[in-house]
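In the two assemblies presented below, subunit A is common to both, partnered first by subunit B and then by subunit C.
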Partner chain A sequence: MKTLRYNRIAILYILPAFLLILSFVFLPIVYNLYNSMFRWSSFDAAKTFVGFNYYGRLFKDPVFYISLKNNSLYAVISLVFQVGGGLVIAAVMEDKLIRKFQPFFRTVFFIPSVISIAVVGLMWQLLYNPEIGLVNGFLHAIGHSRWAHSWLGDSNTAIFAVIFVSQWQYTGYMAMLFLISMQKIPAEYYEAAMIDGASKIKTFLKITIPQIREMILVGTVITVIGAFKVFDEVYVMTGGGPGRSTEVLGTMLYRAAFRNDEMGYASAIGTVIFIITLILSLLQMKLGKSGQEV
Partner chain B sequence: MSAKDSPIVTTGDMKEVRLKKSKPLSTKLKDRLFQIVILIWFSIFAICIIYPIIWLGLSGLKSNSDFFLNTWSLPKEWLWSNYKEAWDAGIGQYFFNSVLVTVVSVVAVLLLGSMAAFGLSRFRFKGQNIMLFVILSGLMLAPQVSLIPLYKILQAIGLYNTYGALIVPYVAFQLPFAIFLMRSYFLSIPGELEESAIIDGCNSWRVYWNIILPMGKPIIASCALLTGMNVWNEFMFALVFVEDSSLRTIPVGLMNLRSQLDTNFGIQLAGLAVAALPMIIAYIIFQKQFVRGLSAGSVKG
Partner chain C sequence: MSKKTKLLFVAMLLFALVLAGCSSSSSTTEEGSGKIVLKFLHKWPEPENHPYFDQVVKEFEKQHPNIVIKTDAIADGPIKDKLRVILGGNDVPDIFFSWSGEFARKFVRAGAALDLTPYLNKDTAWRDSFIPSSLQPFQTDGKNYGIPLDLDAKYFVYNKSIFKKYNLQEPKTWDEFLQELDTLKQNGVTPIIFGNQDPWAAIHYLTGFNQKLVPQDVRMKDYNPKTGEFTDPGYVQALQMFVDLNKKGYFMKNANSTSHDMAKQLFFAGKGAMFYLELVEFPDVEKAMKGNWGFFPMPAITGGKGDQSMITGAPDGFLVSSKTKHPKEAIEFLKFLTSKENGSKLTTQLGWPSPVKGATTAQNAIKQVAEGVDGLNKADGMAIWLDTDVNAKVADSYLSNAQLLLDGTKKPEQVMKEIQKVAKQVQSESE
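Take a look at the complex of A and B:
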């Protein structure tokens, strides 16, 4: 029987998308590596070969270590709140006693993740404002005025204030992902556990978690990779400041390229981001056998 | 053996009886308490999420002095004019740009993506796995890495500072995810339909256009929503690849607005509310598709 199978015509359907991805997603990565070996400016066509000098400079740059530390903080805190917190919230939402309220809370918790990070960042910048912001307003209202603070203006608290916004925005998103995979667990497992008299916590640990192990793994890796891709919220809320205390790799790259016009140095930072995210992605593919599949 | 004296049934019955009996008042009370505690916890969390957003919309209606003096309360005077002023100060133009860029990108992603997914799911040919691998690898790459090279490439091909400078990279970066979702869906469409169509003399384009696309509607809708959301909200490329304020999309345009209207908070907040609202409304209307799209695969914006 004649079907579409074994037909070379297929390439014609794939080619437009394939070429677009190749030239605008993959080619830039190679080009970036090349760019990182030259001193060049965006206003000047001349390039001076410097080899791997920029990498050497990067590993001596204290801001690089601040950035790495901030990206790592992002990863760790996001794992606790988004993966850990999201898991607990999803499990509780699936509980029989709460289930009828689930659609409402699910909808509300998810809303922040559909708003642009830039809008959320600008909004929180106002909420954190020491004079007019609601955060300090709330602290005054509950009588803890001494806790009131210039959250984004103090280099000790700024990065935590920024990281908190991501938790506010994405915990509901993760909870939703976990919820979706929890709903695929056969109900009989829970019935059996109930008949055996297992407690809720035990059921959660012995049935829910093992059953959605794959999803937890994927969520963990998405979160960690996301933590190394952070840019918008830091750029909008602090721009890397005060000082350079909230700098992350993304804003460090942006500053080097478009503020200081050190395109080669910025490209070297790009390569480091590439290598970190590549390693994490390979880890994801190795751990979750289905790769991206959820 | 009759059912009556079957030991299995008896045990089953006994268990049920035991279960019903073993729900004394204390358990019921515990359940109720559990329910209340959780509802309080969830409600507080819900307020923490909704209140800032409502505050945003309401503060957008306040005059500046009202905003400073009565941060918490409802507006003294409902200044709808703030929204109009924000719109005129640039949000209108940014809104138009965002709509244009989003619509064109989504249409291109759906068309090119569904064609590629069709080619990858309904055919077998040499080199297929390599192509699939390359496309899906695109899912993992951080856009920061491509920022500077793309900036140079777009300048070199004359797209820099045009709508195309946003549309082309958006399409390229959204395609892998769209192809990933559509391909798995197309794989699940049974082959009989296309076989009989081919016997009837349809070529592959007719199969794609008249069979696969109509049958793939649900996943195409999910892809449209997720792509639209990602493009609408994108910030970094929009910041770097266009220069003219008249080409800016909403997320970056808002940064302009902030520096323009440094002290006029009412108008700024109105602008933020206008930027956030379309996606919230779209999400609430198309919730089912969003969830379906998310369950088919998950990649954060």
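Take a look at the complex of A and C:
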């Protein structure tokens, strides 16, 4: 019964981590579900049982659908720019012609992602300012004044203006992740491809992408889940406004909890966010058949 | 058990101890030294305002060596959210800032605020030292829960040289006002500077319009979360008036993406003729414009069914936590803070009008502030900021829709329907 003894020790080793995850991840999820069935506010001890009413209300709330739409926009645009764009940037930086300058570009592209989100938000708020902002200033300078716009102040453009800032900030970060895994690809593959006369684009599609498939998958999961958890960028730049046009699930939750004193409703939103991200990541893991590396 | 497993258990036990240590926060340290600790939370962390409170606290501690006051300050915007979280926690400040009206009332309903009526009744001299209209907004069911610190009111501030250039007078009625706005616009001057990035700026207009267009008793009934319906046609009219100001081009462009502070700079630079500003901002205006400015209250609306002589504004003040262990000392501090001496210091140092009778005078305040307070005394009363006077959810609906009214995505009728729906929901929940 040696294996059993070993197993017991093995379990003991896992136990601390397991307990930690249990108490800091799983219990809160269950507790949150419990909380979502009561009407309560943070400063009032009284709790009124409402059952699943808040979920019913949530699915009827038009803001919920605005938020879902905005989160999805976030996800799709981030996939194109951060994962797609990041891949291209990484591939270009790995190219022999540019590799000499790679450290320089690596730093330049990476810098935005180390700046705190509050700073980035305020900075872009100024850049987007219709009177003194650089964005409109640039448009005037190149003679396209009719494109000048109140970017964050118009409910049609505000969400795109906010999403763009995310792309600006994190594309470089993604490119860096891809770059690292590209550097692990054996050079022989590329030499062989060169001898066979494959074009650069073909090499990229047939060698680079399959070789870093795992990293692409990780990148996709990170961006998509990040897109559904996004809060700070939106909160700092627009606070969900104008009106509710840039509301995402995160800001909707915040508003319910700390503005409208509806902790129960906020908990219900939290549960829904959890379910959405859970389904998305399960789906991606299944599609990507992950688990071999990283 | 083998040695290894024993070791592991010890390690885990230590780990658990560390975790447990995290949870119990460090309790008040000064209590050991026999001193009473009072936690005081206000909303003025700005370097120009904070020293006043520091000074008052220091002075108080000197006079009461057995009391230590721990001051904390959170800025205007964030305190709206944070106050709710703080009051839900275990570390509740003994004395905390609150707006008057519904904002304070929800803490009262939750039992988080201490009833101060007995203390005020015991010391009638203290009670009578306040301008009556400043205590009233903190009342719920005839009981006093808050002590006012300052008085704030909203006035249209105008640029004197622009008014002179186009030969304009301070308007008495809304029609006169509109005419003047039109004159300004015809001459290529931006009539009203307005920054609505944070939509409370729009709410201040709506507070005034509602007060002037909706009968007083109906409005009071609607602002009460238990009976609010918002079906009076005056509410839609109020929104329409706000939209019209924008549609006719009287507001500056891009109001939704301009912050109030930036708008202020534009006004100071002479980029517009008028600006709807608060009394507490008058000292800033004076600093920047040096006498080249005047002010008038929102003009009366002919035919409006509401009260025409009230002024939009409210006292800011403090509540005492119902969980405080030292109510007597907390009251002692509030008395000190609102003494005539400290009230007049509030005016001299910060330029703010004090609700204490005789504390803000023509001698210690800039001329316009003294006149503004005078205007308040003459007015029928105050219409409290809409976003702090109605239930939080109704306020939220007003706030977010104000921006959409400006950019034209929503019509006043639509917005009002939405607000009625929210009011109904609030009603059903507050039984």
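The criterion applied here is as follows: the second predicted complex is superposed on the first by the 257 of 294 C-alpha atoms of A that agree within 3 Å, B and C clash if a C-alpha of one lies under 4 Å from a C-alpha of the other, contacts with A are read in each partner's own complex, and residues count from 1 in each chain.
Throughout what follows, a contact is a pair of C-beta atoms (placed from the backbone, for glycine too) under 8 Å apart; a residue touches a chain by one contact, two chains touch by 3 or more.
If you're wondering where the values come from, they're calculated on a predicted model, not measured in any experiment.
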Partner chain in contact with A:Phe274 - subunit B first, subunit C second, else both or neither: first
Contacts of A:Pro16 with subunit B and subunit C, given as first, second, both or neither: both
In the superposition, subunit B vs subunit C on subunit A residues touched: B
Partner chain(s) touched by A:Phe26 [first = subunit B, second = subunit C, both, neither]: first
Which superposed partner A:Ile180 touches (first subunit B, second subunit C, both, neither): first
Which superposed partner A:Thr107 touches (first subunit B, second subunit C, both, neither): first
Subunit B versus subunit C as contact partner of A:Phe258, first or second or both or neither: both
Subunit A positions touched by subunit B in one structure and by subunit C in the second: 9, 12-13, 16, 42, 131, 254, 258
Complex contact set, residues of subunit A against subunit C: 9, 12-13, 15-16, 39, 41-46, 128-131, 150-155, 239-245, 254-255, 258-262
Residue ranges of subunit B touching subunit A (in the complex, touch as defined): 15, 19, 31, 34-35, 38-39, 42, 45-46, 48-50, 52-53, 55-56, 67-68, 71-72, 112-113, 115-116, 118-120, 122-125, 127-128, 131, 134-136, 138-153, 168-169, 171-173, 175-176, 179-180, 184, 191, 194-195, 198-199, 204, 207-208, 229, 232-236, 239-240, 250-252, 254-255, 258, 265, 268-269, 272, 275-276, 279-280, 282-284, 287, 290-291, 294-301
Contact set on subunit A toward subunit B in their complex: 1-14, 16-18, 20-29, 31-32, 35, 42, 89, 92, 95, 97-98, 101, 105, 107-112, 114-119, 122-124, 126-127, 131-132, 134, 137, 168, 170, 172-173, 176-177, 180-181, 195, 218-219, 222, 225-226, 228-229, 231-232, 235-236, 249-250, 253-254, 257-258, 263, 266-267, 270-271, 273-274, 277-278, 281, 284, 291-294
Touching residues (chain side subunit C, partner subunit A) in the complex: 4-5, 8, 12, 15, 80-82, 84-85, 87-88, 106-107, 109-112, 197-199, 253-258, 262, 392-393, 396, 400-401, 403-404, 406-407, 409-410, 429
